[in-house]
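Shared chain: chain A. Partners: chain B in the first complex, chain C in the second.
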Partner chain A sequence: MVLGAVTPNLMVLYDFRHAILSTVTFAFCGISLGICLGTVFAFLFRYNVVRLFCAFIRAIHEIFWAFILLPVVGLNPICGILAIGIPYSGIFGKVYAEIIQEANQRPLQGLPAKTNRISKILYGVLPVIYEDIKNYTSYRFESALRSSAVLGFIGLPTLGFHLEIAFREGMYSEVSALLYGFYLIIASLRFWVKPRFVIGYLAGSIILISKEISLSLENALRFFTHEILPWPMRKNGILDGTNELSFEFQELWEWAAGLFATDGLEGLWQTTVLTQIVLATTGILTLLSFPAISHHFIRTRLWRQLGHLILIVCRTTPEYILAYVFVQLLGPSMLPAIIAITLHNFAILSFLTGGNANLLKLRADAPRKRINCYLYEVLPRVYSQFQAFLFYRWEVMMRESAILGLLGIYTLGFFVDSSISDAQMDKAMFLIILTACLNMGIDSISQLVRKRLKVSIKLTTAC
Partner chain B sequence: MKKLIALVGLLLLVQVVNAQTLRFTAIPDQSTARLMTRFGKVADYLSGELGIEVEYIPVKTYSASVTAFKNNHVQMAWFGGLSGVQVHLAVPGSVAIAQGKEDTEFRSYFIAHSSTGLQRSNEFPHEIRSRTFTFGSKGSTSGRLMPEYFIRQHFKEAPRKVFKRVGFSGDHSRTLALVQSGSYQVGALNFKVWEREVKAGNVDTSQVRVIWQTPPYPNYNWTVRGDVVERFGRDFIERTQRALLDMNEKDLLESFPRSKFIPANNSMYKPILDTAIHIGIIRE
Partner chain C sequence: MIELENATVSYADKPVLHNINLRIAEGEKVALIGPSGAGKTTLLRKMHDLEPRRSAFIHQDHALVPQLSVFHNVYAARLDEHSTLRNFLNLIKPQKRDLNSIIEILRTVGLEDRIGDKVANLSGGQQQRVAVARAVHRCPEIILGDEPVSSIDPKQSEFVLNVLLTAARTIVVSLHSVHLALQLFDRIIALNEGQIKFDLVSSDVGNEQLQRLFSF
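And now, the complex of A and B:
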């Protein structure tokens, strides 16, 4: 495997050009959809219904969305685009709303009294928030690329598709080539993704994928009006061949309670345990590692840059791929999942916390000894920010903990995957909704905690 | 609204353009790379025999192959016993048309790492209790359904109670690799895959050995949707069946690996259906 890492077979990148192209086009179309819907949600965000709806759709992982959409739209680009677009619209809705809320109000107050709504937005809001929105959105594009690549693992024609094959076959030179190719795309983003090109890219993407789309209304209808309904409602209709639905509260309750007591409870427990373990390990690792990129501790520039490079690699590799690799190496247990989620999140937090530390100006009489400087000068000052970042990542960690069940750890994703492979979509939906509820619960606890910490973090850098 | 109409129009157009292509898929019981070479050749063969374009659509999961069939994204598929039964129930009119000669008497092998000290026997190996155990894919007949059935029959308990740890490797090749490397002590897999890998010299028999074989059961089949006749002509099902039964190129058959294909029908898989209901994979 190590040999493969240093001998990437870059020729395969040419063979897999379609996969690379579809990884990028899915991400482009998905995120565009997310931006459009997200903008609408952001302006309606004061309504609780919208707020809750956004929380709900972003609580469901892209892979779960793909699972839900696969039977509806089939194995085609639309599935990938919606799987990215739907949760991202929930995220954009929330973040855009927060950016608008925190925006400088003065330009708005300077407008004439009778200015209509649209002009107000165009002249009083958009110019103020444009920079923040742009930064956040371009950061999100990077994560959309990650999501898009990972969707290949469940069968969509993106990079993950070939990555999985290459791993299976032990062709590590191909694996490394694909990964390096992926890093290259992400590293070069700022050179070719510019606001003025975006429309062109989007049009190109749509033309490319429109060749492969076929939708069937019948399938979608059957899915929503039949397959995802709880089994007790469909049971009689299926047995007597009429496919009619029946509604019996008692049976329905028993169905839900039974499912919750078996798969649901165990999945919830394992997911929570994993989430809490990675929350702790991420925190510890971050605190240990952020000095590596801070000039207060590492005085040689080259070493700091090396530290940065490691963090960037850890952060750019999607958790799912990391976990997949570690499962191959260590066998299926919670350990690979812990390592994968920790590595990905610590890289982000360490980068942010180290950046904060670099902003500090130490007094001339600060301790000379590095350990004292760390403990008495730097750590106390960055700690509350660090905590806020950590809690911000909490629900992200939980989403990942649940999804890694697909790799054989008994978190909620495992039970969702089992239900789907038994062709029992109603069970899968029940468990996905349960996952979403857990996620929303953790999200609201995290918000409370952060409020009590009284630290606001700049969203554009934090997520 | 105009745009919407244009979009719908475009979609319909796309459908019409593709109407003359027969698409098929197969359950991903081995690594995708291998399946892509095998079924690429099958697509060429069928295309020549049937005189239409035939395309293989690779999928990553068993459930995706079932879904693709249900949604008419593919019109034909090489299914396992369980996935076949699932679509026969879900798509009225779909029929099993052919199976491998070996599929009438299919078996699963239980294999163990040599460090367990388990030896081959004709009796069910009760000593596997409390060890670590891996199935193949969750949707596999020979890698999950039948092994689980026999485990439940002999231990009167669910696998997760019987074993220290239960895994789902994903496919048969991986089950073999995981038991051979000692990641799992015991596993169950498709006997054809085992035999082919042994023949190809990919098995280190000092590390892993067969300890038990299940009684025979029916497995894999080619299933087509009933509504293909509307698109490809009235005798299309018979012609396809003929083409499959006539397949005699050695390397094509060996890639499955089957010695030849013989006629099949849905009722042959009744035992699989009963087992799936018994375990709770198919609800009644």
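And now, the complex of A and C:
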């Protein structure tokens, strides 16, 4: 594996150019869908039903969405685009609404009172929030590229598909080339993703994928009206060949309770345990590592840049791919998941906390010895922001913990995967909804904790 | 034109205006004077609420969109009179007919060469002149100005106030400069602690009254 890492077979980047293009086009179309729907949700966010809906759809990981959508739309680009677009619309809905809410309202008061709503938005809202929206959306595009790449692991034609094959066949030079190619795409984003080019890219992406789209309305209808409905509702119809649905509360309750008591409870427990371990390890590792990129502690610029490079690699590599590598190395247990999620999250938090530390101007009487300066000057001053970042990521860690079950770790994803393998979509849906509920629960607790600790972060921080 | 009868305004149970009785006739040029917190802004807002369509309001903090250009901020004064499509097109690229009329207005406040600049890049005084240009562009019957020249030097203040005085038939502005108020306006209304202390033709305002007003 190490040999493969230092001898990348760059030719595969040409061979798999379609996969690279698909990764980018899925991300473009998916995020565009997310932006469009998210904007609508943002303007309707004052309604509780919209808030709840956004919380629900963003609580389900892109891979779970792909699992849900595969039987509906088949293995084609629409599946990947919707799998990215749906949860991202929930994320954008929430974040855009909060940006609008926190935006300066004074310009609106300067507009004539009878101005229609659209013109008010054009002149009094959009210009004010544009910069924040642009920064947050471009950060999210990087995440969408990661999601798009990972969707290949479940069969969509993106980078992950070829990465998985290369991993499985032990072709590590190909693996490293694909990963380096992916890093290059992410690192070069700022040079080729410009607002003025976006429409062109989107049009190009739509033209590219439109050739591969095939939809069966019958399949979609059957899926929603039959396959995902609980087995007790379908049982009688299937047994007597009429396919009619029946509703008996007692049977339904027993089915749900049974499922919850077995797979549900086990999955919830394992997911929660993994999430909490990762929360702790990420916190500790962040506190230990952020000085590596801070000029208060590392005087040599080259060493700080090396620290940055390590953080960028850890942050850019999707946690699913990191976990995949560690599962190959260590076998399926909680350890690879802990290492993968910790590495991915600590890289983000360390970058943000180190950045905050760099903004500090040390007091004249700050301790000179580095360890004392760390303990008595810098750490106390960055600690509350660090807590805000950490608890903000808590919900994300939980989403990641659940999904890593697909690699054989007994979190909720494992049970969802098993149910799908057994063609029990009703069971899978039940467990996915359970995952979403756990995620929404953790999100609420995280908000409470942050409120208690009186810590907050700027909404558009790349966290 | 504007008539207030026993107008009382309170914020959080704290009265700001008490039983104000006031009539502003068409064509009057009125200056509101008085110490800070006297209720001048509240009185102007109250007048604006009575005549929102016929009046243009100049906010003390300008209420401009700093991210937009000078052109867009001035154009925004008449958003309610134009179609959404025209507003949209002007946001993307200023249309010739609107551009020409706005250049003319900006010329009167000495900002025609800054028409394409972002308002955020202008000085406080320049921003205030943009706010004045916006009010003028609305072609209102009444201009209500809340300290419209507070960030402008005295020489330019007189110039800008003269622009306002010719832009609308009726004008009511609050001013900190008593000198400018007496020099340029026909009628002076003095406010303190939410009450009208005197309401006189400017030539009748004497030093004694002014000293009493500001010695509270």
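Keep in mind that, in the parts below, the second predicted complex is superposed on the first by the 462 of 463 C-alpha atoms of A that agree within 3 Å, B and C clash if a C-alpha of one lies under 4 Å from a C-alpha of the other, contacts with A are read in each partner's own complex, and residues count from 1 in each chain.
Following the convention adopted for this analysis, a contact is a pair of C-beta atoms (placed from the backbone, for glycine too) under 8 Å apart; a residue touches a chain by one contact, two chains touch by 3 or more.
In this text, all values refer to a predicted model and were calculated from it rather than measured experimentally.
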{"item": "Clash or fit (per the criteria above) of chain B with chain C on chain A", "value": "fit"}
{"item": "Contacts of A:Gly204 with chain B and chain C, given as first, second, both or neither", "value": "neither"}
{"item": "Contacts of A:Gly237 with chain B and chain C, given as first, second, both or neither", "value": "neither"}
{"item": "Partner chain(s) touched by A:Ser119 [first = chain B, second = chain C, both, neither]", "value": "second"}
{"item": "Touched partner set for A:Gly4, first chain B, second chain C, both or neither", "value": "neither"}
{"item": "Partner chain in contact with A:Tyr130 - chain B first, chain C second, else both or neither", "value": "second"}
{"item": "Which superposed partner A:Leu111 touches (first chain B, second chain C, both, neither)", "value": "second"}
{"item": "Chain B versus chain C as contact partner of A:Gly355, first or second or both or neither", "value": "neither"}
{"item": "Superposed model, angle subtended at chain A by chain C and chain B (C-alpha, nearest 10 degrees)", "value": "150"}
{"item": "Lowest C-alpha to C-alpha distance for chain C against chain B (Å)", "value": "21"}
{"item": "Partner chain C, residues of chain A touching it in the complex", "value": "106-107, 109-116, 118-120, 122-124, 127-128, 130-131"}
{"item": "Residues of chain C defined as touching chain A within the complex", "value": "52-53, 59, 61-68, 72, 76-82, 84, 87-88, 91, 131, 134, 138"}
{"item": "Of chain A, residues touching chain B in the complex", "value": "70-71, 74-76, 153-155, 161, 164-165, 168-169, 210-211, 213-216, 219, 231, 235, 239, 331-333, 408, 417-418, 420-424"}
{"item": "Residues of chain B that touch chain A when the two form their complex", "value": "10-11, 14-15, 18, 31-33, 57-64, 66-68, 70-73, 86, 90, 137-139, 165, 167-168, 173-174, 178, 183-184, 281-284"}
